[in-house]
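Comments concern the structure below.
By letter and in written order, the chains are A, B, C and D; residue numbering begins at 1 in each of them.
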Amino acid sequence: MSEFTVAYARPRREWLAAAVIWSAALVVTGLFLWIVGDIVRHGIGQISWGFITAAPADAGRAGGIGPILVSTLLILGVCMAVSIPLGVGTAVLLAEFTSDDNRFGRLVRLSLDVLAGTPSIVFGLFGLAFFAKVMGLGFSILSGGLTLACMVLPILIRATEEGFRSAPDDYRLSAAALGLSRTATITHLLLPAATPGLVVGLVLGIGRALAETAALIFTSGYVDRMPGSLLDSGRALSIHIFDLSMNVPGGNANAYASALVLVALLLIINAAAAWLGEHCLRQRIVPV
Amino acid sequence: MNDMRAEFRPWFALAERPPCCEPEPFIRTEHLSLHYRDKPAFRNVTLAINTGCITALVGPSGCGKTSLLSCLNRLTDMIAGAHVEGGIEIGGENVRAPRTDLIGLRRRVGMIFQKPNPFPLSIARNLEFPLRAHGVKDKSRVAELLETTLTEVGLWREVKDRLNAPALSLSGGQQQRLCIARALALKPEALLMDEPCSALDPLASGVVEDLIASLRMRYTVLIVTHNLAQARRIADHAALFWVRNGAGELVEYGSAKQIFETPREALTAAYVSGMRG
Amino acid sequence: MRLRHVLLAAIVAALSGCSSDEDETSIVLTGSSTIAPLASELGKRFEALHPRVRVDVQTGGSSRGIADARSELADLGMASRALYEDEHDLKAYTIAYDGVGIIVHRDNPVRKLTDKQISGIYTGEIANWNEVGGRDAPITVVNKAEGRSTLELFLEYFTLESSDIEADVVIGDNEQGIKTVAGNPDSIGYVSIGTAEYDAGQGVPIKLLPLSGVDASTANVRNGTFPLSRPLNLVKKTRPQGWVRRFVDFARSPAARNIVTSQFFVPIAQ
Amino acid sequence: MLIWVLRVCATLSGAIIILILAFLVLESLPALRHAGLAGFFTDASWHPTENLFNLLPMLWGTVLAMTGAVLIATPLGILSAVFCHYYAPPVIARQYRRLIELLAGIPSVVYGFWGLVVLVPLIGRLHPPGPSLLAGVIILAIMILPTIALMADAALANVPVQYLRGAHALGLSRWATVRGVVFPAARSGLYTGVILGAGRAVGETMAVLMVCGNVVQMPVSLFDPVRTLTANIALEMAYALGDHRSALFVSGLVLMALILVLVAAAERFAQNHIHV
């Protein structure tokens, strides 16, 4: 009997753990509601169809954010178009083709970890020197998108790699026994199985890209005109918010409204990323 | 009826079994040894598996039977630290040559695992996807193969209305038959089976066993089993493995009739009579 | 495959974009983030007047404006300060002035401070408001970051060295300064007068203190009586030509006055 | 074929940091040549216009702010993930996950803005001046929380169901299962989340710049203002010229060195304690 007395102490510890976990969730929710509530309360009044489509006027105090929204989406598009293939490729190499003690793999992982900690302003200055000047792209949506791609790569790679690592070895073994090539195994089995990791990477990466200010000031620039091409300079939403709240007296109201639009945009893009992951990759993986 | 058979199975079938084997060996190993890092799995195995026969590998756990199977389709390549010595020849080709076409080899030599391991895909895609990966692109051909192989393993009637259901929703026995169908769809010449029935309940096990028996003559089957009665029922040949000096060794190899009725080695006699092992 | 072609076509189209308008010219301005909103607005008005011209404004700080003007990466640099001794290879065109005023929280009972008191507060000799006639509360000194032109102007006026200052908070942009002071009833800072005037008018709890007896107001900056102000300059290595010259002329013309005022800066005297 | 494509991808990804480092070194050279590397750690203070370049207080500021943020955000983030998987009803869990995803994408400016107008005055009332190490720690913790929580969430989702069934079969309670089975099985993912979070905390610029006070000093209490290396670059780059500008790039370089040390230490730790 005596060895099972521990069981009596359990409910209390169990209760305590549950209490701690629920309160952690409540704290996070509270903080979130506080911050987002603040944005919504101050920003909702400005939001209208006109605000979303019109061009900014009077340094952003008046008018809307139409061209800025377009620039933001273009920058994000460039960033994702470059970072997703590069990131997934690297993640596949790291997870499927290099063992833990492989030197090349460790080197790449190390450099990615350092890249993950690189301050955004250094990315900005680097992007200005490398993409804008050396590669001759100038202040452009392309420069901004490429700089952001460098920034989100480590997040994307790490998350995707985790996804691949979590796919059971069973799949690899039985696929090999069927004589499936590495490529077929990866594209048809492991990639779908790694989708949750990829989606987390995307959500974090998109979040970081949309939220980025310092890296974009020096690369995609400050021009708030509707961009005509990817080689035009275009102001991103986060820069607009920064400028309005820190540099333009009287810009607060529109700064809040722009932040609200950004949050809404993020909500839509995240949902789309999750949906795409679910339907384009995962569709074939049928959970029981 | 089908279910009844699983339990009342003639015990005397051995002698009456029609001759199946062409004396031509399909798989041949020469002084084959395998060790994982420092731990030997089996050593010095020389075997010739006849074409079209069912050959059972029997013996206690840990004597290297499963490892031997993974050597044959070079799945050992995927295990870090596995080191193989000796020769393997399948269908006249040297499997151990560095330039062996692994993909082709594994298509020709199917493998069934102890635990049914369908992919987490739909039933149909479990068959379609490997076919497509092996170059069968024509949709009607894929559909045709899907139906014939599922029929061959007796699954077609059971699943034809829910081909898009998840494979993992099938019962254990159905999953294992699906895995066999998945291997058969690739038109292999040989099948390596690693205790294919041991994870199944007796009824399902009986169905799968009947399926394996029906593969005789058409495929060269190498089956690892702990179930001596099963080996007796379905095998044409049998090989007994035993652990000696910390590694598996081949003790005796011969026709099933000979191994089970007139074993040459005392160890074999003791094992098949149930006195050891 | 088809999708890939469509994508490729889209990329090519996006890259080439509107480059078909061959005769379009663009004027690129880079530099001070203080001037950027003003330059942007000037640019928009200029574009409206001359549809063939595009004015692209980029920020990055005064030092960037100077550097880009020197290397001629930009058509015009923007610098929110007067040129230094060693920068006279460049030509500066002042388009507006910006006064720098001392601000405190609105609830602070202190109405005025002498120059000596201010420099005492900033060097840490005066640490409590009651020493200058206020409440008994420690002073929170808000200073600008090293190198900023408002800081240099401030140091020059009070003849201080940067290392003499004992700050409690160091800030970058004007609005950050205003929000910091608004959030702390015992703080003191210095920011652009136009910005402070506007924000105070909007109900932000700050107030401007007079300097050497002169009220800190844009009016006093304009008539030259307020002692602490800086020019907002467009700089260029060579004498501007063509559209660039027309833009500089426009920015300095009476037509631009209302734009300058609407961005809370002080227009130049004609 | 595939492997070569992948190798190219990995090489490109790995090469970015080398390009960035090369760029930083190139830009730092003038200051390093004039002041010497030692000067950046031994000078009396940071007054670059007077040729004094001591970066140590900012190095400390960065380390302290990062450590504090990680200490707060790690338990909150991991418990959030546990909440989603094992405690919350599915409906709440889904909403909660959405909420954290949103938190991940709020621009640092917004966090900074919120910190400046809400958090800093609050702390100021508690203990003036307000802008402080504490404010920075809190803001950073909120910012890196989603990274840690989402990575932990993905890691928990990947814990094989058999483990959980096994734990249930043994009659383990929920918390015992989480602690004894789930955490060990998900170690690698949890660890990755914390590393990414710490990286973001070190590299964050705008929000920190708005709430930390930016005074170059060794903080003695949580209520003291500090300046981080990133804030240093962002604050002064706009008006910096010559050696001053170059010295700011040295800040970047020192920051990268710090990250390198942290990553190497984390790697060592992982090798000894986490077997993935």
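Criterion: contacts are C-beta pairs under 8 Å (C-beta built on N, C-alpha and C of every residue); 3 or more make two chains touch, one makes a residue touch a chain.
Here the structure is a predicted model, which is why all the values come from computation and not from measurement.
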| item | value |
| --- | --- |
| Target subunit C, source subunit B, minimum contact steps | 2 |
| By mean Cα position, the chain sitting nearest the middle | A |
| Which two chains share the largest set of C-beta contact pairs | A-D |
| Relative to subunit A, chain with the most remote C-alpha centre | B |
| Gap in Å, rounded to a whole number, between the CA centres of subunit D and subunit B | 53 |
| Subunit A-subunit C separation of Cα centroids, rounded to whole Å | 33 |
| Centre-of-Cα separation between subunit B and subunit A, whole angstrom | 48 |
| Between subunit D and subunit A, distance of the C-alpha-averaged centres to the nearest whole Å | 16 |
| Overlap residues in subunit C, where contacts from two or more other chains coincide | 33, 60, 172, 176 |
| Per-residue multi-chain contacts in subunit B, two or more chains | none |
| Multi-chain contact sites of subunit A, meaning residues that touch two or more partners | 245-246 |
| Chains touching one another, given as label pairs in label order | A-B, A-C, A-D, C-D |
| Of subunit A, residues touching subunit D in the complex | 10, 13-14, 17-18, 20-22, 24-25, 27-29, 31-32, 34-36, 38-39, 85-87, 89-90, 92-94, 97, 100, 104, 107-108, 110-123, 125-126, 129-130, 150, 153-155, 157-159, 162-163, 165-166, 168, 182-183, 186, 196-197, 200, 203-204, 206-208, 210-214, 237-238, 241-242, 245-246, 255, 259, 262-263, 266-267, 270 |
| Complex interface listing, subunit A residues touching subunit C | 57-60, 128, 139, 142, 217-218, 221-225, 227-233, 243, 245-251 |
| Touch list for subunit B against partner subunit A, complex | 73, 75, 78, 80, 102-108, 110-111, 113, 115, 117, 119-122, 125, 129-130, 133-134, 164-169, 179, 182-183, 186 |
| Contacting residues of subunit C [partner subunit D, same complex] | 32-33, 60-64, 66, 137-138, 140, 145-149, 161-163, 167-172, 176, 179-180, 183-184, 186-187 |
| Subunit A contact footprint on subunit C (complex, rising order) | 11, 14-19, 28, 33-34, 36-38, 40-41, 44, 54, 56-60, 172-176, 178, 194-195, 198-199, 202, 262-264 |
